Each structure stands twice: as structure tokens, then as C-alpha cells.
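You will see chain A twice below: alongside chain B first, and alongside chain C after that.
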Partner chain A sequence: MTPDETPPEGMTRRSFLRTSTVLATGAAAIAAGLAPLRKIGHYSSVEEFLQKQYKELSPAEMKVVLARIEGEVERQYGIRPHVRDYKPMSGVQFVYALNLSRCVGCRKCVHACVAENNQSRNPEIQYIRVVKLPNDGSFDLESGDVNYTPKSVPEAGFFYMPIQCHQCHNPPCVTVCPVKATWQEADGITVIDYNWCIGCRYCEAACPYFARRFNFATPSIPKEQINPKMSYLGNRPRYKGVMEKCHFCIQRTREGRYPACVEVCPTGSRKFGNILDPDSEVSYILKNKRVFVLKEELGTHPRFFYYFDI
Partner chain B sequence: METERKTQVVLAVLTMGFAALAINFVRVPARAGVEKRAPLILPGSLAIVPGTIRVSAAQLVASGGDASGLQCYACHDAKKPPEIRYDANHRVVLPKEHLDLIYGMRNCSECHTPDEGVKIEYNADGVVIIPDAHRNLAHMAHGRYLRNEDCFNCHVSTQLDHLHTPEGLVVGLDQATQLCAGCHGTQYRDWESGAHGRRNGYWKSSAGPTVRQECTSCHDPHAPAFTPLIPMPAPHSLHDPRRNPS
Partner chain C sequence: MRNYATFLVRCGRLAFVGDWRYYTWLGALTAVILLGLNAYAKQFAVGLITTGMSDQVSWGVYIANFTFLVGMAAAAVMLVIPVHIYKNEDLHDLVIIGELFAVSAILMCLCFVTVDLGRPDRFWHLIPWIGIFHFPGSMLSWDVLVLNGYLLLNLHICGYMIYCRYCGRTPSKWFYYPFVFIGIIWAVSIHTVTAFLYVGLGGRPFWNSAVLGPRFIASAFTAGPAFIIIALQVLRHFSTYRVTDKALMTLRSIIQVAMLVNLFLLANEAFNEFYAGGRHIASTRYLFFGLHGHHALVPWIWTAVTFNVISAILFVMKASRRIPVLNITCALAIVGIWIEKGMGMVVPGFIPTPIGEIVDYTPSFNEVLICLGIWAFGFLCFTIFLRMSVPVLQGKVFMARPREAQA
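Presenting the complex of A and B:
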């Protein structure tokens, strides 16, 4: 710049180019830095991103949230669901009992559960694992097989032990959750707020029963197989990157109905009811049958009991 | 000023750029949710689940599924029971899609065709004549060592559709549970309290009816041991070499 030239009031070509280059580079850097976020987030709206934790939602806010979720599901699957927030009944403590003498390992419960609870078909997510164990008295879970595919069941020399969430009284999965996205409800069901879960999978590692499943990919469910009766804490479609697990079919049991796995069991091995009711079938079983819980030594106090017909 | 205008234009362009970036950030994941993939489990294989799955009878037949755990009202609405049709000889016409369904754990169509009809014949004393084919021990498997193969241990000899209990009471077929209880007391006790057998509907009686399945809903009284079932598909493990040969 020669001394006789007056300095420009606004911007020279040089400073303009420099500023815009800096700005463009900065914008590109910010975009590149934010790019991974586009892949991990499932947020379809600002309201969803800013949603409070389940327990902090007022009834009015919950109404808005449920309506929003109905809209989301309709957009994604093309079917209008009915999403409700089922509350626990007072004076009810759920207990589950499973008759190991009767179970034949047909896996009907596994697939009834998938159909009822809108689990992802691909990748496949199932809450119940049926373990085939040798009937040699060893009761060694390590020697169990979950991939058995014989022509017919039961097979001689084996018994079958379905394992699902035990709805522990002292749940390790709840203790380890760093964001309080999972907790135990008054009726004993351990639930997950799918909108609050950050997908760290600590609970999956903490569970001694392999009851929790992680959505590694966006769940896919064929439209015609969607169960439109949904609950917020239960069977509404899950997002990629969140945990899910058996919730005793909250949308059925909190209405007084049996869970889908109980309904479907062809041998009547599965029993469900209110342990506080002395006349319920589970009360009778706990009083009169030989019952045990899995991995009792861990002190989890499951609400899921196995029993024998002896 | 020329330069000020340029600055404003550049700033406006940048603002629009950021706004577009923000919109893209919010919208893109929602679009990614509907991508299509080939199913790992064929939908047809789910048709063999009774109860909660909604499939047509045609699909049920097409799947070749094991229907031994099936109840009529798993598919039919209990409030609108299906109409039963009769032919000119007052025989029940079986719908074609029901041919593979198993009645009382026993498949009638193993031996009988639906248009053949079955006539019950009586002798001069009014006692039902049991066809020789039904004396076949393969059909009677009640009790160990086949000791309980006499029809009239349970059936009234002059009225096959009535049963007599060990106490001498005559009851209808719909009250067979009373007869079963005569020998299977422990199972009856467990059934009464809900530990044995199926219960459907509502666990909470004030919310709705609890359906107690009777003995003969699950057991064939002539061969009460459960017949083997076809297991549903195993879980798909991505690490299972049998499923992923590559």
C-alpha cells in the first residue's frame, strides 16, 4: 500500500478473500466435526432431543410425548399405533414361575414374544433364550445349547430351560446405569426409558442372565407384523443404539392379562401372577412346589422361579 | 458501499449454509430408519405361533406349521364363532384349510377323509360297536403297559358321548375333567390351583375372565402323552458358521 492511498473504509479485496477463506474453512471444519453425530443420533425432532426423563414428565407432558411417538411410528412404519403409558397397579407384585418338568423346548414363547413386543426381525432380537441341557444331573449351563434344531422336541436325555429377564429384586443392571435410564417399578418390573438410554451397554455386561439386548442397527419390522397396541416403557419400536429387554409384556400385564409367552405355551409350563394374592397360581407354586432361582448365590433375588412337578 | 454489500452477501450465504447444515443434521437420521433389508427369518415361519400372531388360515397351511398347540380362538374371534356347515347327510363339512389341523392332539385326517363321514353303529342292545381299526393299540395309549385300553373304562357303553366316573356318576364329554380327577388326583389338585395346565386371558379376575383349559384341551384322552412338537427357528447368531458359510 503506497502512502498516498487512503485506507478503505470497508473491506479490501485481500481482507475479504482472507476472511471468507477463514470462514469457509471454519464452516467446513465444523461440519466435518459434527458429521459423526448425524450417524449416532436417532432424533427426529428438537422436542425429542430435549425430552425429559420418564419420571420427570408431568401427565400433560407425557400426553404430548405419546402423541409425538405415535406420529414417529406412523411415519416410519406406515401404521397408526396406540401408545399408552401403563402405570403399575397398587397391591401387585409380579412373579413368574416356569415348570422345568413340562417345558419341551418348542420356542413358541420366543416367537410369540417377538410378535407381541415389536422386536427387530433384522437384525434379530429375542428376549427369551431356551437352553437345552443334558439331563444327567450336572445342571451345567456351560454345556447348554441354544441353537438346537432337531426335527421334533423334546429330545431324549435333555431338558429345556428358557431364560429371560428375571426382574430381580436387587437388579445389578439398574445399579450400573450411569444415567438412570433403567429402574425398577412398584410392581417389580425393571423398565427402560428408550429415549433416555445412551446405549453404553453397562447393564448388558452387569446382567448375569443375559437378559438385555442392544440395538446395534436400526430395528426393522415388517409393517404387517407391527403390534399397534404399544406402551411407552414396553413394546413401542426401539431406536438404534438403545437397550431393550423383557418387561413382562407391560401393555398386557398392567391391564390384568397374561404375558404373551404364558398365553402361547402349549404345555402350560409358564405361570404368571400376583404374589401378594394368596389365591394366585404363583402363590400356590411357591408354597407347594420345589422352586429354585437361577444363580441364587449372586444375591439378585429374581422374581422368576423355576419349579418341578415332584 | 460496494464492499459492504459484498460482505452482507457473503454473510447471508454463510448463514444459509449453516442453516442447511443444521436441517440436514436433524433430518437425515429419520430417513435412515426406513431402509429395507432382506428378512433373516421368513415371515411364514412365524405363522406357527398361535395366540398373538395374525395370519390367515391359508398362510398357516402354507407354512406347514405344527398346530398342536393351537386353539380355535387363537385365529377365530370368540364372539363370532365360525359357522359349522353340514352336508345333505348331516355330516360336518370340514373347511379345506383345516385339514392339517389336529383335533385333540390327534389328526383325524390321518385315517378319515372329510367327505367320508363317520357313522356310529349300535348292536341290538344299544351298545356302540367299536370298529376294529379303533382297537388298534397305536390309537390307544392311555396308561403305561396299555392296561387302560377298554373303551368302557371311561365311556358309558350305551352312550359313547357320556362318561362314567369311578364314583359312578355319568357326565358329559364336556365334564371329562371330573373323570380324569378320579385317577390323576395330584394333577387335578395342581390344575385346580393353577400350577398344572394352561390358563389364558386375565391373571386379574376383576379385569376379565381367566380361561382354565380343561384336561382334554391339551391331552388326547386316548393317548394323553404329549406328541413331539416341531421347534420354532433357533436364534440367528451372526457368529454361527452353519448360517454364515462365508
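Presenting the complex of A and C:
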């Protein structure tokens, strides 16, 4: 039989045996190849797999989803949380202002954020990066250092610039998301539906402020460090393979409280409030201080302002 | 309809018939695919932490290969244009082979995107009407459309042509020509859209350059035909399929132009970056010279530049009319462009990060295995496609006439 001829129809005993051997070997090889999947543990339930995007869930469906998520968290972390869907308050647009003259680079904000928002401890995920910059007449982030470890801060000759999600008015991360898993809410906070994100990391490439984080592995948080007061779009534990980011502590700020980073700051460098309220602290700062935003030329219109207090 | 089913079954059977060299080749490819599958199973179970990627460098060798292969797929059009627009006779019979190559490349692209996803199980969120498809806002949704569209177009054109040959009838122009011309524009669009994925990011000055799209096209039209030149010779060697040297030389003259344009555009980019200077060139500086003691990509990019320049010179010289020299020249061009456009284009875009951090990226072993698996899968597809279609194109496998069937 030359290779170009189609083999004759029907099967002889020999060809049957040969075909079966080939198929059996192939099946065994594929099974061996897929063996690591046995270690996977719980991946996704049917309800989780079929869940609709946040904005398409009716209030009744949301109730079911929240109860399911409470169960998931309890199974995984051994603590029963209270997960709520906090909605934006009407007449509120949040704005953040950070006083660069006061910040001493202690990173208390970083740790308060991790504790409040149930960030993974291993692998470590943090929303706030504090850049130590030299007082040398430039404002060049590239000459900064984010891994500084002196005995005490502040160090002479340096100033500190904390950077987190700037909650842009024109957010590039939202534009690029192929499945609308991230969007801007009425109060200006850009949120992520952790159950809708496909983990393509396009938003992470698009963000000019290095504000987004990806869960490269299943997050792990010790049981006793879990913050049980959780929000759907905010600090509930995330899944492996999805994005997360700063959400101005939705579970606090939508109840009229300050974000954890503002509350913990020992120098009062961090100011937060409603820009639509003319008597708010942030309105005062924007009117009376010389403020600036990072990378203004990109047209992202951050809601996060820096100022110097001279 | 029954004829078509018989045709598919016969083609399917052909795929598993060959001599010992064919079985060895398929066996070797399957072994590599299984290694890749095993590596992917690990990644799926543990997460993308098994890769070398980080929050700082959040795309790596998967997306690099994806970008390169979109170009390879688009390059099939370099066979289509001469044949259908300039009525080139030498390449006429080779068009289908170019299109089969494009189909294999697109399949590999789809694999590379899938393995890059953190949640491949939520893939359905991307399907229009079933999930939420962010079109036309997200360039990634454009890419999903153009890549799958290109796959379908090419499958239709190849499948129809080969089936007509099998039936021994002339292809109906209406069923074929419109798709060929849509395909030509579509080929350019897949690579332009892929370039726009990067160009559209204002926060990444390294990518945010108008010349990136044209550079993508020029480099694709170099590496693609270069690969086809080598593939055609392999086909000629292992089958009785006729491929003339003249056809190879036509492809060579296409590459001559494309390679020179590619280098010219690279020079434009380099001038734009370095002459005026400024802070936005940090990524380019990192790529070519290293930055603050980090030099991970420097040897790679200079290898790529050297290979590209040598191959450009050889392509222009008469020496590359000799087949062995031509093969070396093509190999240099493919490797050079793979580095320049893969790792040399994707990774530096992330370094330094928008807030100035420098974190190097090296693919992990597991990541490399997955890439090799997908490449082997692509070669397997291309091999099987050729195995099925070449005998039909040669007229060795055809539809049995009713009279013969009775006999």
C-alpha cells in the first residue's frame, strides 16, 4: 500500500489490535500528562461558573450570590464573613489628596490596607507603593526606590510619594477590558467583578500608575487575620487568576467612614472626602493648595491629587 | 453532501497513513505536545505563579509568541497577492499551502492566548451575545474578531479549493474570489489590530508609537515568507509535490523589500527615541543598553539586530540565489524577527514600570515547556494539513466516478 492510497474499508483482527493498542497508549499518555490537575482542589462550582456579571444580577440573584460567597469564604478560611453589596451614595464623588510635605514614608498605610482589604499574604499583594525619591531637584520616578529598608524614616535628603489606584475619571484599564469586568461607579470608584474577570491582564498593562495586581496563585490569609466585614466589589477574598486593586475601601467609605489608609496615617498626610460637598476637606485643599496629578499629560484625570504644604 | 462527508473521512484517514519517517515525526511532535500539556496542567492547577511573570512584567513569552505568530499568519497574504492580483504563475499552486500555514499559525495564536489567561474557564465571557463582549471599546475584542474571522476565511478558501480539486471541477468564482479579496485586507488587519493592542496604551511610551503597526507588518512579511521558503523545500524533499526554484525566488524578492522596509522602520524608531532623548526612552535604553545595572535583554536584542542586518545584506546579494545560502538567510531572518518582535517588543514595554521600578523577566522552565508544546501542536497541524491536501492537489486522491464505484 503506497502512502497516498486510502486504506481498505473494514478491519482485520490485526488492525483492530493495532488500533486498540495505539488508542490505549494515547489515552494513557494524555492521562499522565493531565495528572497535575488532581492537585487542583476546589476550582469552581457550577453556580460560580454560570454566574452573570455584577450589573446583570437582579437583587434576588445578588442575595443568592452573596450567600454562596459567604459559604465559599467559610469553607476556605474557616471563618463566617458578612458579605454585602455596598451601593454608591447619591451626591457623592470621592476625591483623595495626599500631602507630600508631610508623608514620612512609614508605610503604615500599606499594612493597614492589607489588613482591611484581605489581601493575600502569600504571595504578597499590596495596593499602595511608596516611592522614596531623592531631594535632588528632579521628580523622576525612575530614580526612586520602592524597596527601601532604613532603620527609621524619614531619611534626610529624601521625600516619599505613595502611589495607589488614582481612580481616574477617564480610566484606561476600563477601556481595554475585553469583557467589561471592570468599570467606574457613580461615586467615581473603579471596581472589578472578581467573578467576571478572565485574567488577561490587559488592564494591568494599560494602567499608567501600576495600580493593578494579579492573583498569580490562590491567595492565602491566616484565619485570625481575616476581616469578616466584606463587600462584593471590594475586600472579599479574591480568586486565583483574577485582577484586584484599590477601591477606596468601599466597605468603609460607602458607609461614610474613611479608608483604612487615611485613618492609620500618623502624619495626617492623607485626606479623603466628597468633592461635591463644598465644605469638605478635599474641596478646601483643591481650592486653596497648589495641587497636581501624576502624569497629567496622559489625560486620565485622576481623582487622586498630590500637594505640598508650604 | 454525502460526497463531502466521504471527502472528509478520506482526508482524515490520509492523515494517519505514511512511511516510518512520517510516523517518527508525528510521534516526536506528539511527545512534545504531551510535555506541554503536562506543564499546562501544572499551571492550571497552581496558577500563573508557575511562570516567570510578575505584576511588573505581566505579559511574557506567551504573548510574545502570540504576536510573532499573528504576523506569520498574516504573511500568507504574500502568496495570495502575487497570484490573485499580479497573476503570478509560479506561486499559483502554492497559495493553498500558504493558507494552510496561516490556519496552523492562527491555531497556535489561539492556544498562546488561552494559556495566558488567568481564568480560562471563564472563556465564555468573551463570546458575543453569550458573555459580554466589549466591542468596539477594547482592542482585545477586535483581536478576537479578526483572528477568528481570519481563521474561518482561510478554512473556507482552502477547504473549498481542495474539495473542488477532489471533485475534479473548477471552483465557482463567486464562492471563492470575494473571500480571497476580503482575506487580503483581513490579513493586514489582523496584524494591525494586534499592533494596536500595544499602540493604544498611552501609559507605555515604548509601545505608544505610530510606527509600531507598520513595523509589525514589515517584519511579518519578512519572517512569514522566509518560513514558507523553508517549509516548501521540506515538502519538496519528502513528497513528490512540485515546487520550482523560481517560486522560491519570487518569495525571496518579496522578502528583500520587506526586510529593508523593516530595518528602515526600526532605524526610524531608534532615531526618534535616542536623538531627542528624554525620559520616555527608558524602555528602549533598557532593551539596547541596559538600565541601572539590569541588562537581561541586551544580548538578545543585539543578536536579533545582527541576524537581521546580516540576512538583509544576504537577501540583497546574489549569493542568496543559491538555495543553501537562501536557507541560512531565511533562518537568520526568522530567528532575528522572533526575538525582536517577541521578547524584544513585549517585555521592554513593562520595564521600567510606569512608576519606575525595574524588574527583569526570564521565562520559567514550565513556561518554556508550554510554548514548545504549542509550537509542536502547530507543526503537527501544518504537517497533517499538508498530508491531507497534497495528494488531493496532485490528483492522486479524487472522487470516485459513479461507474468506478459500482465496479
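In the analysis below, the second predicted complex is superposed on the first by the 266 of 310 C-alpha atoms of A that agree within 3 Å, B and C clash if a C-alpha of one lies under 4 Å from a C-alpha of the other, contacts with A are read in each partner's own complex, and residues count from 1 in each chain.
Keep this in mind: a residue touches a chain if its C-beta (ideal position, glycine included) is under 8 Å from a C-beta of that chain, and two chains touch if they have at least 3 such contacts.
All values reported here derive from a predicted model rather than from experimental measurement.
K.L.:
Examine A:Arg213 and indicate which partner it touches, taking first as chain B and second as chain C; both and neither are also allowed.
P.N.:
After superposition on chain A, A:Arg213 lies in contact with chain C alone.
K.L.:
Among the partners chain B and chain C, which is in contact with a greater number of residues of chain A?
P.N.:
B
K.L.:
Touching A:Ile69, do we find chain B (first), chain C (second), both, or neither?
P.N.:
Neither partner.
K.L.:
Identify the partner contact of A:Gly144: answer first if only chain B is touched, second if only chain C is, both if each is, neither if none is.
P.N.:
Second partner only, chain C.
K.L.:
Going by the contact rule set out at the top, does A:Leu34 touch chain B (first), chain C (second), both, or neither?
P.N.:
In the superposed model, A:Leu34 contacts both chain B and chain C.
K.L.:
In the overlaid three-chain picture, which partner chain does A:Ile226 touch, first (chain B) or second (chain C), both, or neither?
P.N.:
neither
K.L.:
For A:Gly199, using the defined touch cut-off, is the partner it touches chain B, chain C, both, or neither? Pick first, second, both or neither.
P.N.:
second
K.L.:
Per the contact definition in the header, classify A:Pro123: touching chain B only (first), chain C only (second), both, or neither.
P.N.:
After superposition on chain A, A:Pro123 lies in contact with both partners, chain B and chain C.
K.L.:
What part of chain A is shared between its chain B contacts and its chain C contacts?
P.N.:
Common to the two interfaces on chain A: residues 30, 34, 37, 39, 43-44, 123, 129, 146, 218, 240.
K.L.:
Within their complex, state which residues of chain A touch chain B.
P.N.:
Counting only chain A, the residues touching chain B are 8-12, 16, 19-20, 23-24, 27, 30-31, 34, 37-39, 41-46, 75-76, 89, 99, 104-108, 110-112, 114-116, 121-124, 126, 129, 146-154, 218, 220, 222, 224-225, 227, 240, 253, 255-258, 260, 262-268, 271-274, 280-281, 284-285, 288-289, 307, 309.
K.L.:
How about chain A: which of its residues touch chain C in the complex?
P.N.:
It comes out as residues 1, 3-7, 29-30, 32-37, 39-40, 43-44, 49, 53, 123, 129, 131, 140-144, 146, 163, 172, 175-181, 196-202, 204-210, 212-218, 239-243, 295, 298-300.
K.L.:
Can you list the residues on chain C that touch chain A in the complex?
P.N.:
So the residues of chain C touching chain A come out as 10, 13-14, 17-19, 22, 30, 34-35, 37-38, 41-42, 44-49, 51, 53-56, 58-59, 113, 116-123, 125-126, 131-134, 137-141, 144, 197, 200-204, 279, 282, 292, 349-350, 352-357, 391, 394, 396-397.
K.L.:
Provide the residue numbers of chain B that touch chain A in the complex, in ascending order.
P.N.:
1, 3-4, 6-7, 10, 14, 17-18, 21, 24-30, 32-41, 43, 46, 48-53, 68-69, 190, 193-204, 206-208, 213, 218, 226, 228-238, 240, 242
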